[in-house]
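Think of it as A, B, C and D in the order they're written, each chain with its own count starting at 1.
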Amino acid sequence: MAKQHITFTLNGQAVEALVHPRELLIHVLREQLMQTGAHIGCETSHCGACTIDIDNESVKACTMLAVQADGADILSVEGLAANGELHAVQQAFVDEHGLQCGFCTPGMLLRAYRFLKENPTPTEEDIRWGMSGNLCRCTGYQNIIKAVQTASRTLQAE
Amino acid sequence: MIPGVFDYHAPTTMADAIALLAQYGDEAKVLAGGHSLLPMMKLRFAEPAYLIDLNKINELRGISEANGMVRIGAMTTENQLIASDLLAQKCPLIPEAARLVADPQVRNRGTIGGDIAHGDPGNDHPAVMLAVGASFVLAGPAGERTVAADGFFLGTYWTGLEEGEILKEILVPPVTASTGHGYAKLKRKTGDYATAGAAVQLTLNGDVCDSINIGLTNVGACAIKATEAEDVLRGQVITEALILTAAEKAMAMTDPAEDLRGDVEYKTHMAGEMCRRALRQALARAKGGA
Amino acid sequence: MQVNLDKVFKLSGPASNAWTFLQDIPAVARCLPGAEITEQVDDANYKGTVKVKIGPATANFKGDINIKSIDASKQQIQMVGKGGDVKGTSSATMDLTASVRELEGGGCELVGYAEVSVTGKMASLGGRMMNQVSDQILNQFGDNFANQVLAMGEGEAAEAAAEKAAQQPKELNGFAFIWSLLMNNLRKVFGGSK
Amino acid sequence: MTTAESLDRQDKLQGVGCSRKRKEDPRFIQGKGNYVDDIKLPGMLYGDFVRSPYAHARIKSINKEAALALPGVHAVLTADDLKPLNLHWMPTLAGDKQAVLADEKVCFQYQEVAMVIADDRYIAADATELVEVEYEELPPLVDPHKALLPDAPIIREDAAGADEVGQGQRTHPNHIFTWDVGDEAMTDRAFENADVVVSQEMLNQRVHPSPLETCGCVASFDKVRGELTLYLTSQAPHVVRTVVTMLSGIPESKVRVVSPDIGGGFGNKVGIYPGYVVSIVASIVLGRPVKWIEDRIENLSTTAFARDYHMIGELAATKDGKIKGLRVNVLADHGAFNAHAQPTKWPAGFFSICTGSYDIPTAYAKVKGVYTNKAPGGVAYRCSFRVTEAVYVVERMIDVLAHKLEMDPAELRMKNFIQPEQFPYHSALGWEYDSGDYPTALKKVMEAVDYAGLRKEQAEKKARGEIMGIGLCTFTEVVGAGPSKSCDILGVGMFDSAEIRVHPTGSVIARMGTITQGQGHQTTYAQIIATELGLSSEDIQIEEGDTSTAPYGLGTYGSRSTPVGGAATVMAARKIREKARKIAAHLMEVSENDLEWDVDRFRVAGNHEQFKTMKDIAWAAYNNVPEGMEMGLESVDYYDPPNFTYPFGAYLCVVDIDRFTGELKVRRFYALDDCGTRINPMIIEGQVHGGLNEAFAVATGQELPYDEQGNLLGNTFMDYFWPTMVETPVWELDYTVTPSPHHPMGAKGVAESPHVGGIPCISNAVNDAFMQFGASHVNMPHNAWRNWKAIHELGLDKQ
């Protein structure tokens, strides 16, 4: 089948792409649009390294076709910092040592960003459940949980 | 893990979707949330030549109540089920089970209709549908028909959907004040299929169990309605001893396959244990407890 | 991974019909919807293909069938089917012993014991389903087999069975299961076995 | 003399001991990391493997025609294509060889048979299905216990007649080596004369490190310049360069290997895999860059498993619990090729550290390695080479002995610890432990958790039929490979290196031979240099991973960065400081001997107002140096450690097990680590959290099971267990500090201790839970199913 023309908003910018129907959104973001922040970890939607925000929901971009993103509003880690200012979740991950190798981090950040909109004042238990679609191999999660708590406090204070 | 080549269609009406499905026949596959089908396509177990994406069909979404039934559009996502006040009041077992499906991201894409129609014995909603006494509106070239959940699940990847049909909506009778529900799911970790699961919905008349449905997840070729366990409890004052007997009956009805989650013996026992837990929870709730 | 399956299918008509049919390898193969004998190499060896469709999953297998023994006294046949999917990612072997057993009070049954061994992607990733799927496939095979044997007889039921046999779908799929269910119901209507 | 003013200056440096925020983070949190799959070169092609569906089969034919006919396919490479280059086999670190592409037969499922090179990964994937391979199935050998039977299928026909495959005499075509250490006769005597003897069979199951980023590379050969650039996920880029030269004949000066950001290694990225070799060949042949990235199934199925040690441990003791001897017998399943990634001269690595933290007078260990039809490997998964297995066997055996003696396992440990005054301690199996204080560590943990209270609670629960277990582990690690007398890779001694340049304005660039994969080297090496040179960490840039710029090093694994690379950094910095002292003396016109070092400056003893800061000196180094001194301020050091370092710890774990489902909950995990001098406590704690979570994963869920046909089951993240936040316990950390006497800063390395110590700790807790009811040892992984079986057998699940 011929390539299809799709347009969507990526980090506030209108973008377009020509894609084969079978192309996965994660590949188009990374290889056509060169937004390599979101990563590929498992390809079976278990690890969450490819998590981005589509129309105000967290989505695993490895299990979505690019054609399905036509008309969508997408936020990826590259668009998280606004006007040169780190987002509170980004700063909190640095402050609480919530990352090591950095590979899961963009997915973690995007999920934390959306999770704190869904639940601005979570308990630790809420965080564990709300972030359970993202695997991290390095941190043992303890500092990620702290980072989400810190980000929650920062966002509440803002 | 790269899917094979296919043609993609994203109809905006059911009529178009059904026409496309009729046109392409079994070369086509219907795409709902995609979290079962796309991984199968990436592994090249599934290689449909045509993919008919239902995500743009608005009439498949939404939860409403009419004519004494709660109607759930097949493309309603798990998180929409969880967020629904109507379901929380009228069909609380459904959102409770939805919380245990996969993980937050997957629940944003995964749909109740996809979960039911895929026919995977590991999916959670089939057993829940058996427990709540749901029926399904199936739309096809010859029009619509409504079938009961009980009898719809026939085997692995095998349901009562006929060629050319699409699951359109789920109809659920609302619960009453004396209805209790419970879903117990044992899994290895977040995101996994159940090692065994049990969904229970029962209604009390005074102390007596007036009606009861028990559905079992992932302990057979498809979701199992544990009718023999139900028979033990229906019309009875449910006691702990009866719960144990019912669980034994439920265990006898299972036919699990060994995999990395467990062998037949373990899964059978876990079906019993999940049954006991769901029954106890449903009973407590029916009596007005948590 | 290995799956062992014990199956008994009740058949109508005399055991001699069933035994005759059982020795017709291409016809028996066709009872597995989607299966086709493409070449008879010699008396004991055949080549064939199977197109399996289980829900959304499909696989095309290509392989060889070797008849290890035909024992007329026991009305038993032993064969080994070996095949690989055409993409070279999975393969399967089925060691099958099938016999026709006469029943007291008339009728007979097809008794099958199969050891199905699967290697490759299908075993390593699809193992969760293998047992149940194999069981479903064999059930369908049994239904078709019974139907074919019934069609060898005479009368209304046999004609109906022959007609059904002619409609048998070309591949093993969900629709086929519905079809076989339907057939089961029809069989009830026509007073067939089961 | 320390003053408030100098303390303030010291704080500003952000040197050793402070929890400095990481320098790596800004790029990672903004999506600006640069991992290998992020690299896109002009004209780049993609490689994808055709893999074997069989565990054991002969290849009868390979037909590429259909694949080559697919538009966008550039080449299909098979063993026959590599033969003229003599690259169809490659040497392994263990002295064996491994097929790059299957040569005439396949020996494990998912083995690489051919590589398709195409315009993009989609076409490549399509084409792999079009390569027709005809196989003749052979009987697979899956159970290592059957490997040496007379009628066992011969796996390695290529080596069937060889007297040895790199590691000594063989007795069977499936036999790789038998290695033993210790005094067997004396150990036997200890057992004969013992009051009490215990023996237990146990398994360290086959697992996989599976970092979140899989392995991959981009090979780019410039035909005009004759230069090869290789970007790859390697924990040892310099070694890769040497190996590439050895294999290809391209001079080392024309090979550039770059390890970009690495998404976790954990031992998976030490080895050299067929994907790298074939990508290089393809790039050379096609003259275009070639990318190969494995998917998760390929990662779990082919590149580097760990463990698979089938062990029998035995202890001999007096009736009051003094251990007199240890005997260990191991059957090691190495898979189809001995690709055991370890640099020691011993076939079982550091396994002989198995006497642990205990003063055991005599010991004997024997390891037999065999081939099976499984993936090759045997990597050190977040540990030094076979240390996890060694610690597991001794820590489990201590508990088994305690159970037999009806003695508390803490008491038994206390009774047998190597005492602080015994260091440096020479173990029965030949190690020289540098330093330690085990009793203090265990006492601290027991007090922190109220050990007696926990045991009381456990007894109460037992009476109610509830299943609670308490596990202890008091491990000693051996890390920091290593003295080159003991360790080398293909003949290159295991030193490591640092090169430091101080710029005129006082900023620094430093490059090391190690490579970070999340450990935060860019942060911590800067802290070391900051402390040594008195320059702010913020002005110190650390670079690693590019063989064209960094000094030669052996890489990062086996917790060697701090013990070896860190030591090299200190030594290089100290060379600079010595030169700086001379320059300072020259500038202030005083004798070098009159100068003293004060945080960030040389000052004149007795006159603290007269000083030159390091920044002043840096400037002078480029315009005003003493006569006869060459200008500039830089140094390099290649550090060959005199000994290993021996980090240790005391861990305690409390588990509750659901008696109806077998589900396990780690209610408490208290980990005290002693890694000597602590460079960055924040990073240490992060490393410990991560290592503990890995230990939790291995102990309670991870395994790579094979069925009888040699099918690998469970090779996606659906089945292969990685805990999410929901399952992960809360970690409580503590520490003591016992510096290493031979390391220039006293640091020992930490990242692996929690993995090595955590696994037996959890396993001891689970076994403690069951053994109190009379069960015998239960193997890992302690998943719900396995737990329930033990429960069911004990009859504890009665309603």
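Quick notes
Basically, a contact is a pair of C-beta atoms (placed from the backbone, for glycine too) under 8 Å apart; a residue touches a chain by one contact, two chains touch by 3 or more.
This one's a predicted model, so the numbers in the text were calculated from it and none came from an experiment.
Of all chain pairs, the one joined by the greatest number of contacting C-beta pairs is A-D.
In terms of their C-alpha centroids, the spacing between chain A and chain C amounts to 50 Å. With centres defined as mean CA coordinates, chain C is found 32 Å away from chain B. For this pair, chain C with chain D, the centres built from the Cα atoms lie 52 Å apart. For this pair, chain B with chain D, the centres built from the Cα atoms lie 44 Å apart. Counting partner chains per residue, chain A shows two or more touched chains at residues 20, 22, 43-44, 46, 129, 131-133. Residues of chain C in contact with two or more other chains: 87, 89, 121, 125, 127. Along chain D, residues 121-122, 129, 295-297, 713-714, 716, 718, 722, 724, 726 each make contact with two or more other chains. Under the contact rule defined at the top, the touching pairs of chains are A-B, A-D, B-C, B-D, C-D. Against chain B, the residues of chain C that register as touching in their complex are 53-59, 87, 89, 121-122, 125-133, 135-136, 173-175, 177-178, 181. Across the complex, chain B is touched by residues 1, 4, 20-22, 24, 43-46, 48, 51, 57-60, 63-65, 67-68, 111, 115, 129-133 of chain A.
Looking at the complex, you find that chain B touches chain A at residues 1-8, 10, 34-35, 38-39, 42, 51, 53, 55, 79, 102-106, 108-109, 190-191.
Those residues of chain B that touch chain D in the shared complex are 1-2, 4-5, 44, 103, 186, 188-192, 195, 244, 260-263, 266, 269-270, 273, 276. If you check the complex, the residues on chain B that touch chain C are 26, 29, 36-37, 40-41, 43-48, 118-122, 154-163, 220-221, 257-259.
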